[in-house]
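The first chain written gets the first letter, and so on, giving A, B, C and D; residue counts start at 1 in each chain.
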Amino acid sequence: MKSLQDNCGVFGLYSETECVHDIFQGIDFLQHRGQEYCGIATYDEGIRLITHYGKAANTFRDRELDYLKGNWGIGHVSLRERQPARWRSQLGEIAVAFGGNVVNADELVEEMKSRGRAFYDGYNIELISKIIMDEPDIVAGICALSKKIKGAYSLVVLTKDGIYAARDVYGFRPLVLGQGPGRYVVASESRALQNLEMELVRDVRPGEIMLINGKGFQTLEQLDSPRTAHCAFEWAYTASLDSIIDGVYVQEARNHLGGSLAERDMDEGGLDVDIVAAVPMSGIGHALGYHKRSKISYQEVFLYNRYADRSYTQSNQSAREKMAKRKLSVLHNAARGQRVVLCDDSIVRGTQILYKVRDLKGAGAKEVHVRIACPPLMYPCDFGISTRSYEELAARQYFKTGNIASMEQLRELEALIADQIGADSVKYNSLDAFVSALGIPGEQLCLKCFDGLDPTESR
Amino acid sequence: MKSLQDNCGVFGLYSETECVHDIFQGIDFLQHRGQEYCGIATYDEGIRLITHYGKAANTFRDRELDYLKGNWGIGHVSLRERQPARWRSQLGEIAVAFGGNVVNADELVEEMKSRGRAFYDGYNIELISKIIMDEPDIVAGICALSKKIKGAYSLVVLTKDGIYAARDVYGFRPLVLGQGPGRYVVASESRALQNLEMELVRDVRPGEIMLINGKGFQTLEQLDSPRTAHCAFEWAYTASLDSIIDGVYVQEARNHLGGSLAERDMDEGGLDVDIVAAVPMSGIGHALGYHKRSKISYQEVFLYNRYADRSYTQSNQSAREKMAKRKLSVLHNAARGQRVVLCDDSIVRGTQILYKVRDLKGAGAKEVHVRIACPPLMYPCDFGISTRSYEELAARQYFKTGNIASMEQLRELEALIADQIGADSVKYNSLDAFVSALGIPGEQLCLKCFDGLDPTESR
Amino acid sequence: MKSLQDNCGVFGLYSETECVHDIFQGIDFLQHRGQEYCGIATYDEGIRLITHYGKAANTFRDRELDYLKGNWGIGHVSLRERQPARWRSQLGEIAVAFGGNVVNADELVEEMKSRGRAFYDGYNIELISKIIMDEPDIVAGICALSKKIKGAYSLVVLTKDGIYAARDVYGFRPLVLGQGPGRYVVASESRALQNLEMELVRDVRPGEIMLINGKGFQTLEQLDSPRTAHCAFEWAYTASLDSIIDGVYVQEARNHLGGSLAERDMDEGGLDVDIVAAVPMSGIGHALGYHKRSKISYQEVFLYNRYADRSYTQSNQSAREKMAKRKLSVLHNAARGQRVVLCDDSIVRGTQILYKVRDLKGAGAKEVHVRIACPPLMYPCDFGISTRSYEELAARQYFKTGNIASMEQLRELEALIADQIGADSVKYNSLDAFVSALGIPGEQLCLKCFDGLDPTESR
Amino acid sequence: MKSLQDNCGVFGLYSETECVHDIFQGIDFLQHRGQEYCGIATYDEGIRLITHYGKAANTFRDRELDYLKGNWGIGHVSLRERQPARWRSQLGEIAVAFGGNVVNADELVEEMKSRGRAFYDGYNIELISKIIMDEPDIVAGICALSKKIKGAYSLVVLTKDGIYAARDVYGFRPLVLGQGPGRYVVASESRALQNLEMELVRDVRPGEIMLINGKGFQTLEQLDSPRTAHCAFEWAYTASLDSIIDGVYVQEARNHLGGSLAERDMDEGGLDVDIVAAVPMSGIGHALGYHKRSKISYQEVFLYNRYADRSYTQSNQSAREKMAKRKLSVLHNAARGQRVVLCDDSIVRGTQILYKVRDLKGAGAKEVHVRIACPPLMYPCDFGISTRSYEELAARQYFKTGNIASMEQLRELEALIADQIGADSVKYNSLDAFVSALGIPGEQLCLKCFDGLDPTESR
């Protein structure tokens, strides 16, 4: 539905008992981070591995879970890569899974090919694994990785000694530690812990390399971090509403972003409307924040189709698209005659929101005021969020170069976008308002898609 | 999630062009009315029929849709029966599908068996079809049906002449007519029309027998209706939020039911709470009505798992239950320290709501006040909603016989239920309040699950 | 490969223990009688039924076999119909399966439709079942069946009392009784018994109606049989080489048919050839008989592809045909420079044998003399062997009407066929030689495809 | 059924038109060389690859064949490894498939691991590919391979330039070249060519490295071959009866081996028996040779179940074994009262032949004389035939060390084996007789499983 997509979730568990059912449920709770592939590897005198094309709940069979014996293991969900990958190397038998993106993958692959290395399927996981396995031990391997690759990663490595976990030095992607009776866990998001009745211990620190086994959590190495650069989109869109990312509740963050939009409306003279509404599911947290701050009544104007995350058997493209477009039904009755504030997290190409505005107007809404939690998207993301090229970003159509430097420029853009999508008004959070609403210092965030500043480049 | 389940949706379409893709999408939009079986029959010099175990979107393949040629056809989704059924009889080749329930099926089967009729698989559809096919033509058959069977049905019959559609004389189950350029349609719910860009024309009348073909809609017969008895649960729970059932918007009905609960709270001295929340998805419409009327802020305290309607590959019962229970995650942050009004549509056994109250308290909610849109369920349903036996109804544990006749009795029950589920308070809409909020005269509704009065029995 | 195809195998078992695994293996051993559908029904307080599209070994899963509880049951394999069929009727719950063909099905269906009966899917099994269930008990039902239907059937009916078994009054299709410790069985062919380590007791007699249960075999009724008319093709082609049909070993019968061809060659001056060979698999028994009688060395000149009974995943018709044609590879080395007697059971259209002769000549065979166990096929079969229309029978191209009445006529035809298929000579067994080699009086055989005489019509 | 199993077949095709359908059929004709995995890679601006678990005919779908575009490609069938493998390396994008076995795989893997190479799944194909890709070009890679690995291989490598093909310097496994109009092909066995209507050109020579493309066949390198060592089992058992391996017809070879056994019987005083028979399918070629030489009549005493190569859906081990044992039915009638010479290719553990002798005696055979084409198996195979350990070889039970050096020792062993399996007599071909019957000089054969001499070790 949204063209912003994360591409991975990782999960690792050390348990006093068989681990596979918890890992299976763990990756099921991370399924929103990647729906195309899933996999589980466990350690039981050697590595047992099963991967699938499809969602975990739809693909893993009983006898496969039975096969995955052992007390520790790792799991993965992904949009693009079949993981974990299992390797036999000088480091013994290991399995590797990661979430993130390697910006300089092509260069690194070429360099390794020139040294005689061959690549099986060209996935990032193969590159990452080979860089690690080039070194004498796993910690050295992860250190080498951090020097060579430009990009974001949250990594788990399964070995006979337990599970190694690491987060890149910028901390782009989330990675948390949790624990329960006799269980130690590492996961991309805290929601997996909560739902498995484990407690969130803390986030893995940027640059931290850990070993998780029967002795609990051990920090084996702390790499220097030039700066922290958490992906701001995790709170605004990617992460699940019930997660806590780097200490900040996702739901609260979204409420504040919506509240900030309400405040701007109030500051700018107030907005005389009947209801606050959301584009489900991405806009709900923001809309409820707007409602809370503005006291304007909240109402649903779209119905999210409960069977929308289905997998179609039809290969017919046009039929599938037709169905996909109907993921949201308009609630005519709720929209008719109303002046609506419609909240969503962001505008990428502007097509989705245009359809939504058109739907509401078609249903008789008198006014539709679009409010967007994120500042305008001006740059593609290199670090694991699959945004498109410049040409596809709506804001870039009007603002060919540079950044939006003032409220005047922002207002100018908002007017043009409102025109494009047929809304009565459009407002974004300015970058300052956005950062301030998140409550995290801007210098600890990656805001590259808004301001173009690459946090990995020194300034 | 809920133990109240409808068991069928029907769809019929006459088109100037190939009909199958619209029928496929039509039943996909009715999938919430039954998730176990689906089927499509079309007419193309004879009847083409394909049925599946599973949901329409997951089971129908391209080549099957290609096979289903013809300009008119019918479709079906169901919890229990594979339909449509195709027959060769003195009426020619026909296909039949229905939604509803035959209360006196066993008697009728025995009677027919004694006359030498044999039954293939014992489904209601076979009984219904045979009663129709015993008569010289389809209209006579449906007339006979209406005399013989006690129960609810919305029926479509596919023939070489077009699609016959009929609704039982009480109008228990919804059935609507719609139309678009060159297309005439009959469907269990209006949402299918809206999403296929057709207009709702009107509801099929109780006892009306229609023929739908190139000439449009024709009423062939209007059977006498002793009274109307629309199932009140359609508005409160069964139907989709974006449907209009017998002229009443489902979303509006739910808003009014929630509003009625708010009003009672206000009349009874006001309720000092922080937020209004819902048990997703069933309680959202009601909660938003409560919020609107009370002006208390609406907030989400549970997260509905987007992949919750999945089909598990694991046959392991305990694992599946574990996963199913985790369909809703608690949003700790939103619940902590809050006094919450929690709305849902109804209480059946009380187990689900008990878990929800426990979840909120576990997350730190200071108070949880449960508000239920329907009056207490006191009787099992005979007309197609699969409620359980008396023993399983929570209210019946405390009120062994008879009905709740006064507000005192209701308050007494509410205190007992609050105690059972650990809530700070519980309030239901009284039957009077419920009917009045729906805005439909009580004598046009079937309220048997609340008051035990069977609308098909003379009084 | 051959366009003569039987269409059913039936199996019934009463056991002192769970019956399903023996039934599963029983139908697996009858799989050569029909490869498209299979099914098993067992009795366990009621009838449990599972049918499949595909072969038994490829389709029945463990949990399905587990579900099919009970000590008695029936099974079925078929080319065209999903069986057994389960019914609830005045006779209680029953399941019915049959092998054979109903010649006057259309008339009977029309007659029943005019009496208000409706047909679900139009299969013969539905008609047969309904005729039985129209009567007050099963024996009366089978009696009625024998009067009404013109055609062949071997029938099993599963009830709470055990398994009813019946064979039509002509005994067209085989049906045998067998027994082992605590087990009583009825099956289309004795090979199922032998491989299940049970003993062949006897054939069910034409017109015999039996009940098989804990008391063993009981003859409930013996209908008058105007005459016996065993299908002669069973010995020549249909039945498995390891079966005994109506007291005659199939392998021995084929050896005798081949021997008879050798004798004719010897009588007619001897045939100066190097080797005897067969078209696998259908011609092997005949070729070995020719070899035995003639003392000419036997050699294989075709290789039967071990994976030939595969099911192709490709839907592409031309690709499948290409593959199918290559079911037999030529053994060039064995054919080169040889004068070959090539035996097969029969010639239908002549296409297959033409390809085989061409293959051998292409591989360098000096001479190819085709010897055919059956007399020329002159009439289509009505009783369950799916032969084609007159137009498709090779012999009918040359002999437009009437029968082959003399050896002169036969030789004339043989010369024409030899010409057509490019063989150096062709010889068939004459009808007299055929019957005499089988060792069964001609008046006990159905020879309609050779002489056109319908055994069910009085003469 | 037999515990001797080859493990691969390779196929490569350069065509003027789309190549995939011929490759698909090519591997289908090689399916007897490996039934667990199959795969096809084609070149079309890059490598397209699809592999499957299962047989080619059962797994490849239309749309997959459609996807495999291009004019040249390779295919593979295997018992143990998913192939071809696709790689990106300094040699560009390539796909590799091989048949054979690497004896020193573990050592080589360790050596490469110590140099920092990591292995994805531990298959031989990965090792072979990496050795090749370590070198600057493919020819150099194959040269390096031939130096490093001890073992047997027939190899195809798909590149943008065409298909490289190579055979190890001993020529263990067969590999042939063929051609048709506009098509050049390389395949494990000539049967694939014959059935695709292409002509056999010649065998690839041991140590030859070729390139196949639009220019036809080019020999790029001819490695020195210390000696030739064709696997003798190919003619006796592995290859298909319709293939020609290194210039010798498989069928003829088997006929000669059977003839040699007959000769020994005649030399040793003659054997007074009624019929010669075979254990299908492996013994047929041998039995027909015995029959031809001895003039004793050939008869079938077992029926090979046409559906025996099925894949069972049941996971139940005991049920599957039960079914598997019944792959051959005894033809009671043919065996009863007969004195039988029963031919087979070899005896591994002796279990299968024991069951067969028991079956015949149970059916009433008066005498059963077992004749085995191969000499006694005394050593496990290292070069790609999956024989078991010493302990499992029947002959080794009696002859604990050393070789059978004289006819006396052979007769002694034969008596012991006859006793073990309940036969009236057992005779093997002596090693001399075996080699002489094959008509290939012993120094060009690998006979290690008989004499223990490893052809790769200098003597």
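Methods note: a contact is a pair of C-beta atoms (placed from the backbone, for glycine too) under 8 Å apart; a residue touches a chain by one contact, two chains touch by 3 or more.
Nothing here was measured: the structure is a model prediction, and the numbers come from that model.
Identify the chains adjacent to both chain B and chain C in the sense defined at the top.
Both chain B and chain C are touched by no common chain, going by the contact rule given at the top.
Figure out the least number of contact steps between chain A and chain C, where 1 means they touch directly.
Tracing touching chains, the least step count from chain A to chain C comes to 2.
Looking at CA centres, what chain is most distant from chain B?
D
How many angstrom lie between the centres of chain A and chain B, each centre taken as the mean Cα position?
Each chain reduced to its C-alpha mean, chain A and chain B end up 37 Å apart.
With centres defined as the mean C-alpha position, give me the chain B-chain D separation in Å.
63
So how far apart, in whole Å, are chain A and chain D when each is placed at the average of its C-alpha atoms?
52
At least two partner chains per residue is the criterion; list those residues in chain C.
Residues 315.
Classify the inter-chain contact topology: is it line, ring, star, complete, or other?
Here the contact pattern is a ring, one closed loop where every chain has two partners.
Who touches whom among the chains?
Listed by label, chains in contact pair as A-B, A-D, B-C, C-D.
Write out the stretch or stretches of chain A touching chain B in their complex.
Listed in rising order, the residues of chain A that touch chain B are 21, 24-25, 28-29, 31-32, 55, 57-62, 65, 191, 194-195, 240-242, 244, 249, 251-252, 281, 284-285, 288, 291-292, 295, 297-300, 303, 306-307, 309-316, 319, 322-323, 326, 329-334.
What residues on chain A touch chain D, complex-wise?
63, 85-91, 109, 113-114, 116-122, 126, 129-130, 133-134, 315
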